[in-house]
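Sharing a structure below in C-alpha cells format, with a few things to ask.
Chains here go by letter, A, B, C, D and E, matching the order in which they are written, and residues are numbered from 1 within each.
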Amino acid sequence: MVSSTATALAGHGTAVGRPSVWDVPLSAGKKARLYRMLYQFGPKNGTLKILPLDQGLEHGPIDFFANPDSLDTDYIFRLAIEGEYSAVAIHIGLAEKYYPAWAGKVPLLLKLNGRTSIPSGAQVLSPLTGTVEDAVRLGADAIGYTLYVGSPSQVEDIATLNEVRFDCERFGMPLVVWAYPRGEAIEAKGGQDSLYAVDYAARVAEELGADIVKINLPKGVSAQNPKPYNTLSLSVQEMADKVVRSAGKCMVLFSGGGKLGDDDLLEKVEICMKAGATGLIFGRNMWQRKWDEALAIGRKVDTILQRYGIPPPRG
Amino acid sequence: MVSSTATALAGHGTAVGRPSVWDVPLSAGKKARLYRMLYQFGPKNGTLKILPLDQGLEHGPIDFFANPDSLDTDYIFRLAIEGEYSAVAIHIGLAEKYYPAWAGKVPLLLKLNGRTSIPSGAQVLSPLTGTVEDAVRLGADAIGYTLYVGSPSQVEDIATLNEVRFDCERFGMPLVVWAYPRGEAIEAKGGQDSLYAVDYAARVAEELGADIVKINLPKGVSAQNPKPYNTLSLSVQEMADKVVRSAGKCMVLFSGGGKLGDDDLLEKVEICMKAGATGLIFGRNMWQRKWDEALAIGRKVDTILQRYGIPPPRG
Amino acid sequence: MVSSTATALAGHGTAVGRPSVWDVPLSAGKKARLYRMLYQFGPKNGTLKILPLDQGLEHGPIDFFANPDSLDTDYIFRLAIEGEYSAVAIHIGLAEKYYPAWAGKVPLLLKLNGRTSIPSGAQVLSPLTGTVEDAVRLGADAIGYTLYVGSPSQVEDIATLNEVRFDCERFGMPLVVWAYPRGEAIEAKGGQDSLYAVDYAARVAEELGADIVKINLPKGVSAQNPKPYNTLSLSVQEMADKVVRSAGKCMVLFSGGGKLGDDDLLEKVEICMKAGATGLIFGRNMWQRKWDEALAIGRKVDTILQRYGIPPPRG
Amino acid sequence: MVSSTATALAGHGTAVGRPSVWDVPLSAGKKARLYRMLYQFGPKNGTLKILPLDQGLEHGPIDFFANPDSLDTDYIFRLAIEGEYSAVAIHIGLAEKYYPAWAGKVPLLLKLNGRTSIPSGAQVLSPLTGTVEDAVRLGADAIGYTLYVGSPSQVEDIATLNEVRFDCERFGMPLVVWAYPRGEAIEAKGGQDSLYAVDYAARVAEELGADIVKINLPKGVSAQNPKPYNTLSLSVQEMADKVVRSAGKCMVLFSGGGKLGDDDLLEKVEICMKAGATGLIFGRNMWQRKWDEALAIGRKVDTILQRYGIPPPRG
Amino acid sequence: MVSSTATALAGHGTAVGRPSVWDVPLSAGKKARLYRMLYQFGPKNGTLKILPLDQGLEHGPIDFFANPDSLDTDYIFRLAIEGEYSAVAIHIGLAEKYYPAWAGKVPLLLKLNGRTSIPSGAQVLSPLTGTVEDAVRLGADAIGYTLYVGSPSQVEDIATLNEVRFDCERFGMPLVVWAYPRGEAIEAKGGQDSLYAVDYAARVAEELGADIVKINLPKGVSAQNPKPYNTLSLSVQEMADKVVRSAGKCMVLFSGGGKLGDDDLLEKVEICMKAGATGLIFGRNMWQRKWDEALAIGRKVDTILQRYGIPPPRG
C-alpha cells in the first residue's frame, strides 16, 4: 500500500512545465492556427480562454433560460469579441449561419461531433456533425472531438477519432479532444469526476493524438478507484497537477462546467493555470451571466491568465 | 422554481424577426434555389406553402381513402400548381415518374429519407431513399431529411444527416430538416408534442445545419418536461414564438399534421406566421379535402401569408 | 365505418389505365431495355411474361423434385425461348454460366439480391448477390431487387435498394422490385397476403423508384388490417384493381406463386391483366410442369395477354 | 409421399456429365488459370487433387500432432510437388512466407477468408484474410471463400462473397467456394452432413457464382430433412450423384474431411469421381500420414483419377 | 492418450532454427526496415530488444506510479537510446509529439490499434488509432496490431488486420502482431496463458501474415486444454520451443509482461532465445525500474542476446 502522497507522486508534484507550441513538433498548419488562438486573440500570451456553445445540441435550449439573450448566437459572438476570447466553439449549423458575420474577428473552433442527451447514455457515443474539410472551408482554427473514455462504445469512438485525427494531420488543423470519462464501468470504478477517471482520460487523449485536451478538474479520489489511486490523499491543486502531467505534451483546457460563483470560478482558474493548464473553456459560466457580469468576470479571469503566459520566441 | 412566464421567457416573448434569405449567409446555389421557392412560386413574398406527399411511404395508401384522387400523383401536382404552392415534397420514385411532366411549373423538394410505419418504432430511423446528386439531376430546389430527435438510433441518424448536409453544401442545395422528437426517452420526458421536445428539436436542427426546419406546433407543457419547462404556463402563441426563436437563423415550417377543420387550420396558420415562421407544409389537410375545398382553403391560407411577407431587396 | 365498397373505392374501381413505357418519363437506356422485353420478346405487345429461376437459392433444389429436368438451367432457357418469354430472371451464378449460350435469344433479368430460407426469417433481409455493373456487362435488360416491406431490417434494406436504384439510373437499367410484405408486424396487422400488406408494398415500390413492381395477388382482407381496410368487402378482381392503382406509374407484375391448376392459373392471369397489370412472372407454375404441359399452358396465357396489349407508337 | 428412389430421382440418377472448362463460358483469365490446375499440374487430365493447409487457422496447431513434420509449411509444399497435386490451398500468411520458394512448381489456391474455432459458432462467419488482388500479386491460380450456408450471419457472408466474386470476375481469377451448411437451423433440419443440407449448399454456390464448389459427401438422409428429402432411400453413390447435379456447371470438389483408412479413402474417391466430381481436396488425410504413406495413397488416388479424365480439345 | 513428451513432440523438441530476415521472402521495403531494427539498432546481431509504451492507453497512467519518471515519454526515448533498444513501440499521439526529437536515433514501431481497459472485455477488440500511412510519414520501421485470438469479436478483428496487412504489403512496412488469446471461450479451454492458447495464437499470426508475432511465454498446460495438449507434460523450455515452432517463419517476440525480479527476467530471456525467439519486448520490466537499474538489467539482457545472433550475409 502506498501510504504517503509524497511517495506516490514523487516527481508528480513538482512545478509542471506548460507545453508550448514552440516546443511541440507540430506541422506548420497546426502551428499557424494555434498561433492565432494563442497569440493573436484572447489573452494573447500563449494561454487560452475559449467560449463554447454546444449546449443547444447537448442539453437543448434549456440552458438558455438563465439568460435568454444567449439563445441568440450573435450574442455569443459579440460576447466573445468584446470579452476577447481565444475562440468560439460551436457546431456546423451555428458556424455556417453565424460565423460569416464575425469571421476573422474571433477564431472558430468547429466542434465535429455531438449528440442530444435525450436517449439513454448507456452506450454513449457522439456521431459526427461536421468534417475537418468543413472546418477548413469555414476558416476554423481548430476542431473539437468528444471522446467518451471508458464507454462501451469506445471501439467505434476511437476509430472515428482516428479518422478525424488523420484528416487534421492532412489539413494542418489542430485537434482538441473533449476527453470525458463515461459509462457504467467508470461509475463502478469511482465515477467520472474521480482522479482515476480524469487522469486516465487525459492520457488517452495524448496517446490518441490530441493537440489540446479538454478535461474537468477532478473532484477527488474515490474508494472505488483502483490502487494506488484509492490510497492517495491529494488537494485539488495536487490533483490538477497530476492530470496535467498525465496529458504530457498535450495542452490542457479545463472546462468550467456548470455555473459557479465568482470566487469559486476565479479560484478554479488559479488552480488550473498553476497546474500547468494552457487555459479554460467557459460556457455556461459566461453566457448564463448577464452581459456586464460576464465581461467583468472574464476580465478577472484574464488577469490571472496574464500571470501564466509563455511569450513567443522572437521572430 | 421559476414561477412566472414573464421571467422565464424574458426576451423570448417579444416580436420575433423572421430570418430572411437575404440576411442568412448562404451560398449562391442555396440562395438561388431558395429564391425560387420564396419569391417565384407560392405566395411569392418570402413565405412558403409546401405540399408534401410522402404519406404513401410513411403510412401506406391508407391515407388516400379520404380522397381517392390523391392516389394519383399527377393530381397532387395539378393541385400544387393550381393552388400556387411553393414546392411539392416527394420521394425519388414519385419525382422520377411524375415530376418531368411538371418540371419548372412548381419547385421540387426531394425527400431523401423515409420508412414504412410497419415495424416497431422503438429504434426509429429513416434510411436514405435518394441522394443530393439525384436532387441536382432532377432540378430540385431543396432536399428534405427526417431526423428523429431523441431516438435511440440518433448516432446513425445524425451521422447520416451530416453526410447529406455536406453534400448540400457541395451542391448549393437547401437542406430542410423534418425534426421529429421520437422514442421512449421523449415519451418519458413529456411526449413528442410537448414544448420541451419541440423546442429541443428546433435547436438541434439549427445546430446540425438545417436551412429550414419543419416542426409541429407544440401542444403544451407536460409535468414530465424537465425544469423549468414543466413550470411554464404558455399559450399556444407563446409556445410557437418560443420554438421559432430556438430555431435561430433556420427558417421554420410548421407542419399541418392530420386533417383539421377550416377554422382550426386558419387559426394555426395565423399563430405560426405571427410567431415568425416562414411558412407551412400541408399534406393531408389539402389532398384529403376535395379539389375545390382544397383550393378554397389554400386561398385563405394565402391571404394570411400575404400579411407576413418579407420583400426581396431591390436588385 | 366505411360500409360500401363503392364509397371506399370511389375512383379506384374504374378501369385502370396500364402505365405505358411511352408515357412514363424514363431515360433512353431504360426505355431501350424495356422495349426489348415489352415489344421484341415475349408477347411483343407491351405485356410481360417472365420466367424466374431463383428458387434454387431461395428454397434449395427441393423445388426441382417435381420436374427433375428443371434442375438443369439450360432446360429453363430452352423453355423460355421455345415458350417465348419476355425474360429469364436469375442470379449471377446462373447468368454467368448459362446465359452466354442463349445471349440475345431471350432477355436477362439479373436478380441482384437473395438469401436462403434456412435461418430464421425474423430479421429477413436479402444481401446483394450481384451488381448493376454485372448486369450491364452481361447484357441484361433489367435487374431485380427483393424488398421485404415491413421487415425489422427495413433500414438496411431500403438503404441498399437506394444504392441499387442510383446505379440503375446511372446505367439506364430498368429496376424491378420484388415487393414482399414480411415480418411479425405484418403478421400482426393481417398477414403478408392481406390487401393492406400488398397495397402498402405496391406503393412503397413506387415511392422508392421501381420501374416495375412484382407483387402477389392479395388473398383477402383481414380483420386485423388497419381501418378502413378491415371494413372492405372486395372481390379478388377489386383487390387486384386496387393494388395496381397503388403502384401508380410502376408497371405491375403479379407473381404466380406455388403451382396452380390450369384453370386457376388462367383465371388469375385474366384478373391480373384486367386490373391493369403489365404481366406475370411464372416460375414453379411453368418449370414444375412437364415440357409439353408448360408450353401448352404458356400458350394459353399468351392468348390472354394478347387481349391486353398496348401497341407502341408508330416510329 | 415419394416412395421410390427411381421416381424421386428421375433424371437424377443417370450418368452425370462432369462440367468441363471447355464447355463453361469463363473469361480468358479464369480459363488460363484453371487450365494450369487441370492440365499442367496434378493428374493433368482435367481432374483435381488439391492439398489444403488452413487447419492451422481453423483448428490451431492441434492438427499437426499426428505428424509433426506437417507443422512446417515447406514440408507441405514438398509433399504437394513430390505427390503431384493440382494446387496447395493456404491463407495469405503462409502464401507470403512459403510460396515464393515454390512458385511455379505447384499452383497456389489462396484461401481468402477464415476464422478460429475458439469462440461460439452460433453466428458463424469467416472474415476476409486476404484479397483477390493479393492472389493476383502472388501468382495464385484460384481463390477460396468459405460460405456458411444457413448461418444466421448469411446476410454479411453472402454480401462479402459478392464482393470477392466481383473482383474474381475483374481479375479473371477462378472462385472456389467452400460451401458448408452450418447453424442451428441446419441442425434442426437434419444436420450439416444430411443430403438436404449438402444439396442446398451445392446449389447456393452455383447460384452465387462459384466456378468450383467444395462440399462434403452427404452422410445420409435425416428424418428431419424437409420433404421429400426425408422420404428418400439413397445409397452414398446416389447421394453423391445428386449433389453433383445440383451444382450444375460448377465443378465439384469433395473434401476428404478427417483422416480415413486407405480403403475407405479410395472408395470415397471412386464414388465421388463416378458421381461426376472434378476432384478431391485432401488435407489431414495426406499430411497426417507419414511422408511415404502419403505419397503411396496419393498415387492410388491418382490411379482412380486417371480413369475420370476429360482430355482438352486439340489446340 | 499421448503418454510421453518425446512422442508428442517428435520433431518439435529439437533445436529450432530462428527465422532470418535473409531467408524469409520479404519485400525490399520490409527488409530494409527490419534490417535497421535487427542490425543497426539494439543488439545489432539479428535479435530484437524492444521498449513498448502503450500502457498509458491500455491501463492508464496507473502503471507509471512505480517510477514517476516514466510518465514523461522523453524519458522513455532516452532510456531506449541509452539502453540501445531496437525500437520504441508507441501509439500515434506519442509518436507525433515525441518521436521527432529522437527521429533516426532509435527506430519507431508504431502501434496501430488499442483500447482502454475500462469497459467490459467480453467483446474485446482494439480499434485503429493510426494508419500504415501515418507510420510511413513518421519514418517508422514497423507497425503493431493487437489481435485478440478467440474473442467473440474475431470477425471484425481479423477483417481489420487484413486491411492493415494489405497496406503493410503496399508500403513495405513490417507487420508485428500482438497475438493475445482472450475471451470466455479461451477461459473455458484452459485460459489465455495455457499452452493451447498461446500455441494457437502464434499460428494464427503466421497464417494471417504477421512478419513478427508477439506472444506471452505459456505458463503451463491446463486440464481444460483440448487433447492432446491436456496430456502433455512439458517444461517451460519445451513450451517455448513449441510455440516458436508454431509461428513458423514469423519471428517471435516474447513479451516481458508484469515486472519480474532480475533473475526471473534473465532466465526468461535465456529460455525464449534458446527456443528460437528473435527477441523480447520489455515495458514495465524496464521503465518501472529506476534508470540505473533499467540500464543494468538491459545490459545483462544484451549479454544473453549476443549469444543468439544471426550475422547478416556479407554484402
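The definition used in the following text is that a contact is a pair of C-beta atoms (placed from the backbone, for glycine too) under 8 Å apart; a residue touches a chain by one contact, two chains touch by 3 or more.
The structure displayed is predicted, hence computed values, not measured ones.
Trainee: Specify, for the interface formed by the sequence copies chain B and chain C, whether it is same or different in terms of residue numbers shared by both sides, with half as the dividing line.
Mentor: Answer different: the two copies use largely distinct residue numbers here.
Trainee: For the Cα fit of chain D against chain E, please give the angle of the superposing rotation, nearest 5 degrees.
Mentor: Result for this pair is 70 degrees.
Trainee: Distance between chain C and chain D based on Cα centroids, please, to the nearest Å.
Mentor: The computed centroid separation for chain C versus chain D comes out at 36 Å.
Trainee: Between chain C and chain E, tell me the centre distance in angstrom, where each centre is the average of that chain's C-alpha atoms.
Mentor: So the centroids are 58 Å from each other.
Trainee: Do you know which chain A residues sit against two or more other chains?
Mentor: As it turns out, chain A has no residue touching two or more other chains.
Trainee: Quick check on the complex: what are the chain B residues that touch chain C?
Mentor: Chain B residues touching chain C: 54, 56-57, 60-62, 65, 68-69, 71-73, 91-94, 96-98, 100-101, 114-116, 118-120, 125-131, 133-134, 137.
Trainee: Going by the contact rule set out above, which residues of chain C touch chain B in the complex?
Mentor: Per the stated touch rule, the residues are 2, 8-12, 24-25, 149-152, 154-159, 162, 165-166, 169, 181, 183, 185-186, 189, 196, 199-200, 202-210, 226, 228-229, 245-246, 248-250.
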